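By written order: A, B, C, D, E, F and G. Residues from 1 in each chain.
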Amino acid sequence: MMIIDMIKKVIRVFRVVWIKSPAQVDVRYTPMHHPARYRGQHTIDYESCIGCDACNKICPVHAITMKELPLKKQNIVPEVNLSVCIFCGLCEDVCPTKPSKSILLSGGRYDMLSGGWHEDQEDFWVNVDIPQSYIESRLEEEEATRVKKELAAKKRKAIAKAKAMGTDVSKPTFDGTPDFSGGAK
Amino acid sequence: MLKILDFFNYAQSESLWMAHFCTGCCSLEMAAAMGPRYDWERYGYLPTPTPRQADVLMITGLVSKKILPALLRTYAQMPEPKYVVALGACSFDGGPYNDSLSVIKNPTEILPADVFIAGCPPKPEAIIEGLEQIKQKIKNKIPSAASQGGLWKEMDF
Amino acid sequence: MFEIEMLFAFALFGVGLYGVTSGRDFLRILFSLEMLLNAVIMMLAITAHYLGMTQNITMAYMVIVLATLEAGVGILIFALAHKVSKMVIPDDYTQEVI
Amino acid sequence: MEIFLIYTVGVVLAVFLLYFIGILMAPYAPDPIKNDHFECGLPTSSSVPKKANFSFFVYAIMFIIVDMTGLFFTLFVYADAKHASLIGALFAVIMAIAITIAMKEHRYAENS
Amino acid sequence: MQKIKDILKEFSTEYIEDYKKIWIKSKLTTSDSLLSVAKALKEEGLRSLSTVSPTDFPDTDTIEMNYFFEDLQTKRNLWLKCDIPREIEKCEIASLTPLFASANWHEREAFSMFGVRFLNHPDLRPIIASEDFKGKAPFRRDFDWDAHEKDTMIHMKMIVDAFKEEQENNEINLDADSSEMVLNWGPTHPASGPIRLRIHTDGEEIISVDPDIGYVWRALEHLVTKKDFIGAIVAVERLCFMDNINSMVGYSMAVEEIAGTEITPFAKWMRVLLGEVARVSSHVMGLGGFFNNLGLHTLFMWNMDMREFFLDFLESYSGARIATAAIEPGGVRYGLDMTMFDELQKAIEKFDEGIDEVYTIFVQNPTMKMRAKQVGQLSADDIEDFGLSGIVARGSGVKTDIRMDEPYAAYDEVDMEYITQKDGTSYDRFVMLFEELKQSVNIIRQAKKHIEDGVASGAFNPTKDHMVKVPKKLPKGEAISRVEWARGEVLMHLVTQEKSSKPYRLKLRAPSFNHTMMLDHLLKDKTLSDVPLVFGSLYICQGDLDR
Amino acid sequence: MNILLLTIILLLAVASLMIKKTVPAMISFALMMLLLGLYYMSIDAKLLGLFQIFIYAGGIVVLLLFGITIIGIEFPKAKTRPLAVVNALLVFVILSTIFFRGVDSLSKVIDKPTEDIHLFAHSFSDMVILFALIGTSLLYGTIKMTDALRSKRRKDV
Amino acid sequence: MDTLIQAFVFPGLLYILLWTVGLFWFFRKFMAKLHKRVGPHYNGPAGTYQTLFDFSKLLTKESITPHGVNPYLFSMMPLLALITAMLPAAFIPWTEDYPVVVTSYGLLALVVLIGIEPFLLFLTGFGSENKYSFLGGIRVLAQSISMETAFLLSALSPALLFGTMNLTEIVEQSTWLSFLILFPGFVVYFIALLGLLEQPPFNIPDAEQEIVYGFYTEYSGTNYFLLKMAAFAEFMAVFGTATTLFLGGHYGIFFDGYIFFFVKMLMVAIVMMTIRAATPRITLKQMLSFSWRYLVPISLLNVAWVMVAKVFFFGSI
């Protein structure tokens, strides 16, 4: 009786021979399933990053180091050591920039390899390559804003002064801020 | 003669057998890579029950202090030539457990790996991709990393 | 040829006898018993071959069967005796078995 | 007979050839830990016992007896009389019954 | 409930109060009366001790012991506290092991982590913690692990020496002339995973089994105290990756209780949905693993195929296949895109297709029945004594399931029933796994339908409703939460300090710990062939065994 | 050829008694039986030779291995009795003398085949029933004996 | 010269090597198919080179001799195992005129040679000085004694029916009627074959989940290669015997030839693999009691049936 039972099972297993295996894709070249939200390698948009340091603070494994920039306002930009990162996505969640996050994992790559030596892994970074021209342009921009601010402050002072003196302030004394933002990219 | 040696070298590279050893949760994805959807046997990988017949040792993530002797001994008991693959953030610096009391913070410094696959855990695709790299290494006759150095040589286990 | 081969059979018998009587451990005793019986089988086979006594071969089959059964019983007895008195060499048995 | 001997010698040679190819090609790097016994990746937890606890001795005796039965059946292959064949069949049935009874007895004794 | 209160009133207590629906919380004034209280409670019917959780308060110089008693029959639970002094020499309390068998390993754990000595404990050896923490108390707040870290190499040597010493002891203890030996089953073993069973055998027959655990000890309870409330989910989900969602649910519930946040119904239903998906993916693997241990890989492979589809859904939802980190205090982490349900639908269809084959070929397998029906028998009494839970408990006919005993998330609206088997053998546990799998998929269907309806009717907003804000800093408080995890009951005991951004103490009571305790009981006098079978049927994951 | 074979057999027989270690002794015993089987084949008793190999290499050696695994592979040293050698030699000499005295009266027939395979089935087949009875009673006795011993031990423990 | 070719090419070394590589590939591929996987795929057409690479690699890997073992015993055993496993090939009538040795006791010789193998495997386990190997060796011994008797008795049933032990004659005399008469014998033979080859549900000696790899545990590199090859050569011998005894050897439907022999062997292999994919392992005790309570008595009854059938149906007397 048991033997017959077993033979039945064997025949049922044998029926699988006609089923096509799901492994038809060469996964070396194409991933099997790669959703839009897949948390893979980071991409860091240095332009929109405001340098708020939130991602660094939340990261549970301290994978993020902030690269210092010679800028004043956006003085830091995150860099991620992929060897350390556990791809939890908290940094992406916490990033305040809108509409798109400036530190982005979604849709990242899935194969992240490096040499196995400890030293190799230590410099397995997602670097932000900030072209010098960008920094310069930002510097100039900053300079411009600074100048603008100073001017505004001056103006405010002047206005205050004028107010104190009782003069009319509706018309600016100086106008036409020069456009420095060209050539940012 | 050289041709024959080349053939054996090629054979070595195309048939990598894994020692059956799991130290951390990355072994779940290793199981997935064995499974029907990824099926690493297509590329010639095969798990073996004892390290005596294995070519590749996988550090599957986390290495706690207590399991390190077992890991090193398993590695030492594999026959030459042998290779090591490190999976996951844990095998670099303890990953999410970096602040924890009982994990080894530098497994790859102790036992250098030939390929490190980042992720937590890495996708099965990534694991297979990493193993392809080892194939390339063998074909180019690059000696395995752990035989070149690493703290394990000075340790007593 | 016939005589020389018979001589070897006798020699095997002698070796077996030596093994049985020299007071060794149980394994050697069983070996020797097998040798004794094998000497007999040899004699039967040789006589069958040279003297044409065909039925001797059938006899030899029987002896083989006997030898096997004897080995089985022998091992059994030794194993039981070992369990009781923890001895390996029969001469050392002091306790009563079972 | 001679053919078989030559064949055997050929096989032996062939196997040794393979073996020596293997030994020549293989690297050799002994080391005390590598040559230690494998025991799930840890130092051995106790030495290998020199004997086995074996409660299956009955099976060994049974094996010998059935083996003898097989020997007799080998002789029955050449039976060319009705009588002998039927005797053989009877013999087989008796042995089958004997083994069944013995196993029953054995199980009974095990469980008691 | 009233009876328990009456019992407690006979002793001097600081307070006796109701906590949640089925809990009573109380604190004893002295630790001396603990034993008599426990005895009275046991007579009353609180037969299982869930866990022992010490909390260290260096400020007041006390260690607060928390005992969680459970009554699996009538669902009355008691949370009993008492203070003991903190100095290493005086830090002792009566052991409950003679009364509650399940206390054994929990007390050993408290001993090795906090240095609490339990008087009259039959076998007070350190457990889990590796050799280098022997005699220290690593989980105390003032333990200086930075200093400890410096001597790693020396510690490694200590660990190795301990192994060698053990070998020498074995050599001495074993009769050289017998067929006895001590066999390592694990850790480099095809079926064991990172655990070692020291099996003392006589040939094929097992004399005793002594599990040696701690090979994946990550000190999670210590780790969470170093992370903030959100970052801690990363640690909590790594309790075991087979079913990580439910452990995060438990943690989040505890945090929400302290913060006093109420999450949205949509998030509740999402928790149910995700939790059941994770449970399915765990059970599916458990079924396969059970057969793997019998030397048959077919079911494992087929189930892996099935599992991938559920993982696909998780990956689409959260962006990672396994380490989803998808539940946060305050709700679920991501909004839901309704197209993801197509993938879930596909997974369910795949499941429906495959489950029939699994049933006829494997659950009804005569060979497996023949083997598994004979070993691993646990009676209902054993279950209560040893505080087992999950499929192991239900396999023996004990009706316990936190999803119904103490409904969390949206389980009170889910239509489900207790599934039990009678005999409690390994086979029953296997059938339990299978039945629960079907139940889980049923719940997934319900949750899916509910969410779809809700979205259609406009009750839920899948992109906005998923989170409510939980403050970064929590008030001082204490909470326990229980969830029905894939492997059984997980109890989390969370303690916070005033205005802190980090958990002060989190105790994780994981089911595998109790189940592993049973191995010796189950395997004595069996043969070596039964080891993998029984081990597999207890559904142990080393991740939550060691924590 | 035959003489060479027989010499080796004799040497192996002596060796199997003299070798201290069990397993090599066992191997030499098995080898001796194997060669004896070959010898029978060479004198045209093929079935007998096969039986010899079959029973000894397949049956008795396995049985003895069983015995070893139960009793243990290391034996204490036995004191040898020098008289036994004399005894054996004496028997050997007496046997040969008797044989050589009577050998002339034996008439050699060379052409007749050694084996008559049909003989057994023709004339001796009834004997197997006897064997069946012997075997059965032996089996029964064995089981009774081992079980008696086991229950005795159980009571002791 | 002819015999040298036989020893090295056709039923000898090269043939067995090819067979080993091919069978290993087939096993893996078929097993993968039953697992809903693909199996070896990217090395050569449909992954056929894969096992060639595997074996070449094993051949050139380091072979470790653990200390404390008897080195001669340890490295002799794989050699002996392979030699004994290769010898039966000489007796099997692969094609019409191709047994190397034609003898009237071919069947007995085959059974004897197949029966010696477990004894050698026991010694590999015994000589490894490793606990798992030790247990594995003892299990081999226990299993082989219980399975060998059934194997012998069922293998004898065709001989009893046809009244000869010459394999060529057995093949020549086999008909559909004889196949039907021998069918119970074939079933018993098949079960005993599973036990003898250590295949599920009887893969007790090298149960990975219990005793790591049984008697293979300490073997590596060249030695392991030889043992593995011996195992596959053994497969070949046993399948070949099955085909010869029960399935009519090289006789085909329209023409005769080696191809039919091959196909029949593959059929046996496929059934074996499917059983392997559908049945979990049983325990040693269950195996012993199954074998002695059912298998051996049934094989004895089968012998009785064959002898009666010989007299009353087959009409050879």
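Basically, contacts are C-beta pairs under 8 Å (C-beta built on N, C-alpha and C of every residue); 3 or more make two chains touch, one makes a residue touch a chain.
Every value quoted in this text rests on a predicted model; they were computed, and no experiment measured them.
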item: Topological distance between chain D and chain G, in contact steps; value: 1
item: Chain whose average C-alpha position is farthest from chain B's own; value: C
item: Pair joined by the larger number of C-beta contacts - C-D, A-B; value: A-B
item: Far-end chain from chain G, centres as C-alpha averages; value: A
item: Computed distance of Cα centres, chain G from chain B, in Å; value: 35
item: Chain centre separation in whole Å, for chain E relative to chain D (CA means); value: 47
item: Centroid spacing, where centroids are CA-atom means, of chain C and chain E in whole angstrom; value: 65
item: Contacts with two or more other chains, residues of chain A listed in rising order; value: 6, 9, 12-13, 21-23, 60-61, 86-88
item: Residues of chain E whose C-beta touches two or more other chains; value: 160, 163, 177, 181, 183, 187-190, 203-204, 227, 234-235, 298, 301-302, 305, 308, 323, 361, 365, 367, 370
item: Shared interface positions of chain C, touching two or more other chains; value: 61, 64-65, 68-69, 71-72, 75-76, 79
item: Chain pairs in mutual contact under the definition given at the outset; value: A-B, A-E, A-G, B-D, B-E, B-G, C-D, C-F, D-E, D-F, D-G, E-G, F-G
item: Residue numbers on chain F that touch chain C, as the complex places them; value: 2-3, 6-7, 9-10, 13-14, 16-17, 22, 25-26, 29, 33, 36, 40, 43-45, 47-48, 51-52, 55-56, 59-60, 63-64, 66-68, 70-72, 75-76, 78-81, 83-85, 87-89, 91-92, 95-96, 99-100, 103, 106-110, 112-116, 119-120, 124, 127, 131, 134-135, 138, 142, 145-146, 148-149, 152-153
item: Interfacial residue positions of chain B with respect to chain D in the complex; value: 8, 21, 50-52, 69-71, 73-74, 76-77, 79-81, 157
item: Chain E residues within the chain B interface of the complex; value: 129-133, 138, 145, 148-149, 152-153, 155-157, 159-160, 163, 187-190, 193-194, 214-220, 222-223, 226-227, 234-235, 238, 240-242, 285, 300-302, 304-305, 307-308, 311, 321-323, 543
item: Chain F - residues contacting chain D, complex; value: 41-42, 47, 51, 54-55, 58-60, 62-63, 66, 68-74, 117-118, 120-122, 125-126, 128-129, 131-132, 135-136, 138-140, 142-144, 146-147, 150-151
item: Of chain D, residues touching chain G in the complex; value: 1, 3-4, 6-16, 18-19, 21-23, 25-30, 32, 34-40, 44, 48-49, 52, 54, 56, 59-60, 62-63, 66-67, 69-70, 73-74, 76-82, 85-86, 88-90, 92-93, 95-97, 99-100, 103, 107
